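Labels run A, B, C and D following the written order; every chain starts at residue 1.
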């Protein structure tokens, strides 16, 4: 390590926040851009599976709550793109990379939402897993990222409660059909939620470096365990069965034993073969391309206005 | 029931409330179709917010409609269990989203009417109506500010954006007359002081539209044919376009497929 | 109930019949969406006819499913009163119509499977199955003749038509594997001699596809990822795409909104 | 009249059929092209309002019947374009005129189908009025047109019975909601159906010429009266109220007195301002434009095949 790098690591070790204008290793910057960018992309792609049920929400109140939630997600996208911009990459550059398939978003959004209980499951399990990942990141070393995560976590935990509330209603006050929907959602979302923490990273050098930089705070396995331990009693309260015959309390470790997700499925989805990868990308690319005239129109108007103001100033001089 | 209700035909009051509520519901639905598909992230946020406002207003208006009707129907019952012929929204709000320009133009033409209606309703003889209007007015004022700004920017933007906005205007303008067309229901609630006559809002709307179109360098379509005010047609009288049936099939699926379930 | 039913798990037989019937229903629905919107009048006629055949087949298969189930459900009950998770069609048939090339390619890939299935079913141990298959075979043979001809013509047409057909093929091919994937239900009905194992139809399908693609000058996509056969997914197991819910909301609206009404 | 024209008129007066290759006045040809072309366009545009309910038909049997009907209509379009082609105008030329707004189709198809009873009303009233117009045209003087009308009338009367059957089911065995739908359909389709016969033509020279040529057999008013007289008892049987307070049996004339439709609405719809004119034209033009690559592809393939056959012949020689 160079003296600069040493000093940088010392600051991180002391718990100082790194701010945009300050020196940072190129790897730190790149890793952060990738991580924050992916997170931002996940927020905007994440509008799609939930947006899929807005027009079909079963009550006006549920519709309003879901709209507010999807709006929040777009807002999170905005914070995160702003945080990434402090690292010298523009939102449009990041979007271009997304649209070209050169940047990823969270694979969970490549799964379809097939019934209303899925909207509950996305809130409870998907946001739940996301929060588990994000809460520690409130303490991440990069200032703007840390501050964005603080805002986001506050809203996400609200979303998680709303998701759980959907399932509470369906499971505790619902008809048999509704309970079946909830169980179906559980069956489909359990393993994809576990996959959200990523494969075991104990041997990954990459992860080790990120942890040293406090871009990553916990290992994937730690977070996955924590998620399972938190979620199992919640599922029990709903009367839902977790689709894992090996799930069992392990007194010794003070947590549940559980089955690993099918990692071949995880890699297939990453590779573009999830149930909805093509649809999600097509939706985003179409939105972007069809909206080009709109963005250009606004830009042209802004330029004209600036010209007019300049001309008016000249005339006044 | 308040004094206003005693003085007005209850059916007319309910029908009028359904018109106001259904406008918000159907437009909210259309706007919500954009979620995650708009041209830029800021618009995703703005449209979700707008849909949210409209659904919230719909809950209040249809809630009051059910209350005045007095047959135990909730806002959800009205939204989810009426078929198309019982809907009372104007044709304008059920027009397809089209390109983003059509969505914006539809919004602007409606917002400019909606704000005048909400302002006038603050003086309603029915305090419940006045209260909802006061709450909605703030939201609608913001919607109008946005949609007018965008219409101006895009009209006075590139040649393409101008052409798209002009086309949107030409396509949608024939659906604006219905908003200002007075019928027996409108007259009944106006006489009871509950609401202004729709025609009384026209001049202010017209001024706003002309001002914005001018700033947008768009050409006013002039006096065109107006849908929904001749013969027996028109959304306010329950004669809709073929689009509404599809909107409702989607919107109402869960309530129809699982009758009586709570969500 | 015939001998075959005694020898096979009744639930598996019903499930299998729903798979065959739902394929016809959902594909018929998709095809019918083109009515009045196709590129040329002859296609309007052909597509309406094809949709009609498929809906007719669906009536027979779902009618038999209800009969075997023995709980008094009619074909209409099964078509109109099941929600998406109870549908058993393969993912391929619920793919959106896309451009006309995608519609044709979807049809061809399905027809080439469908004909093999119908031919094999004529030897079913259940005479009712054999009878339906014999009737459907003639229709399906004609569908395949048409779709294969069109795929060849458009593949070997202009550069644009070739590109569109190649793209359609690449997009849809990953949804063909599900048709040939054997699961417990397939094995149960195959053991009872009711139906062939799906995998047993693959070689003939593959030969047809390769022959037609070659004549069409299209490039076979080779071994691609196949949807619906890994993990818990797949339309045959009731895990569909997001499209099916919208299809059903539309299809089922009247039956859902007016329960018990006769039409 | 020239001697040729006199001889032509004599043939018509004797009830002879005029066949494609035979001499005919230019006005006769032009009028026929307009009339047959409009009729053909009506068949293909007529697919749209009924097609609107195919995906939502309430039973599988009703869906099948409706599909068969829409298929028949496209088939009628095919016969009629063929009949027009015998007059020296191609289908594509006629379609270009339709798409450019230079040829019309029956205005009735500019009304929306808003509930399932509308599908019944379209069959009963719209096809009913069409048949009333078309039955006499089986005796029209132009041979190919006459033969097309004979085929078409057979199928149309079948369609009319199917439409009436939909309403029988809804009105006689239906719920209150279904009866209300049927009445609503009646209210919306009655006057547009009356308009299908066109304004009173007793003073129109144009019509007089067409009648002399036996391109038109009855006056609009005669046909309208006949339609009303036939339809009123059918409506009574259904228990539907015809939306006309002036409707009354007139013993003296042996027919019903009834109100004229609102002809200003008729002319507004003709001028393009019906409820669905824009949608219908957009649907047709979009279908045509989006399908261009398909038609060109087929044509290119046919040409290649012809070349190959020619080359094979040459090689064999």
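Note that a contact is a pair of C-beta atoms (placed from the backbone, for glycine too) under 8 Å apart; a residue touches a chain by one contact, two chains touch by 3 or more.
Every value quoted in this text rests on a predicted model; they were computed, and no experiment measured them.
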item: Approximate Å spacing (C-alpha centroids) for the pair chain A, chain D; value: 57
item: Chain centre separation in whole Å, for chain C relative to chain B (CA means); value: 42
item: Cα-centroid distance, chain B relative to chain D, in whole angstrom; value: 37
item: Interface hub residues of chain A, defined as touching at least two other chains; value: 56, 177
item: Residue list for chain C, restricted to those that touch at least two other chains; value: 83, 245, 249-250, 253
item: Topology of the chain contact graph, where touching chains are joined (line, ring, star, complete, other); value: other
item: Inter-chain touch pairs (all); value: A-B, A-C, B-C, B-D, C-D
item: Sites on chain C touched by chain A in the complex; value: 83-85, 171, 174, 225, 227, 230-233, 239-242, 244-245, 249
item: Footprint of chain D on chain C - complex, ascending; value: 25, 29, 32-33, 35-45, 48-49, 51-52, 55-56, 58-59, 62, 75-76, 79-80, 99-101, 150, 152-154, 156-158, 160-162, 164, 247, 250-251, 253-255, 258, 261-263
item: Touch list for chain C against partner chain B, complex; value: 83, 245-246, 248-250, 252-253, 256-257, 259
item: Chain B contact footprint on chain D (complex, rising order); value: 49, 52, 56, 112-115, 177, 180-181, 184, 187-188, 191, 262, 264-265, 268, 271, 273, 275-276, 278-279
item: Chain A residues within the chain B interface of the complex; value: 44, 47-48, 51, 54-64, 67-68, 70-71, 74-75, 77-78, 81, 91, 116, 166, 169-170, 173-175, 177-178, 283, 286-288, 290-302, 304
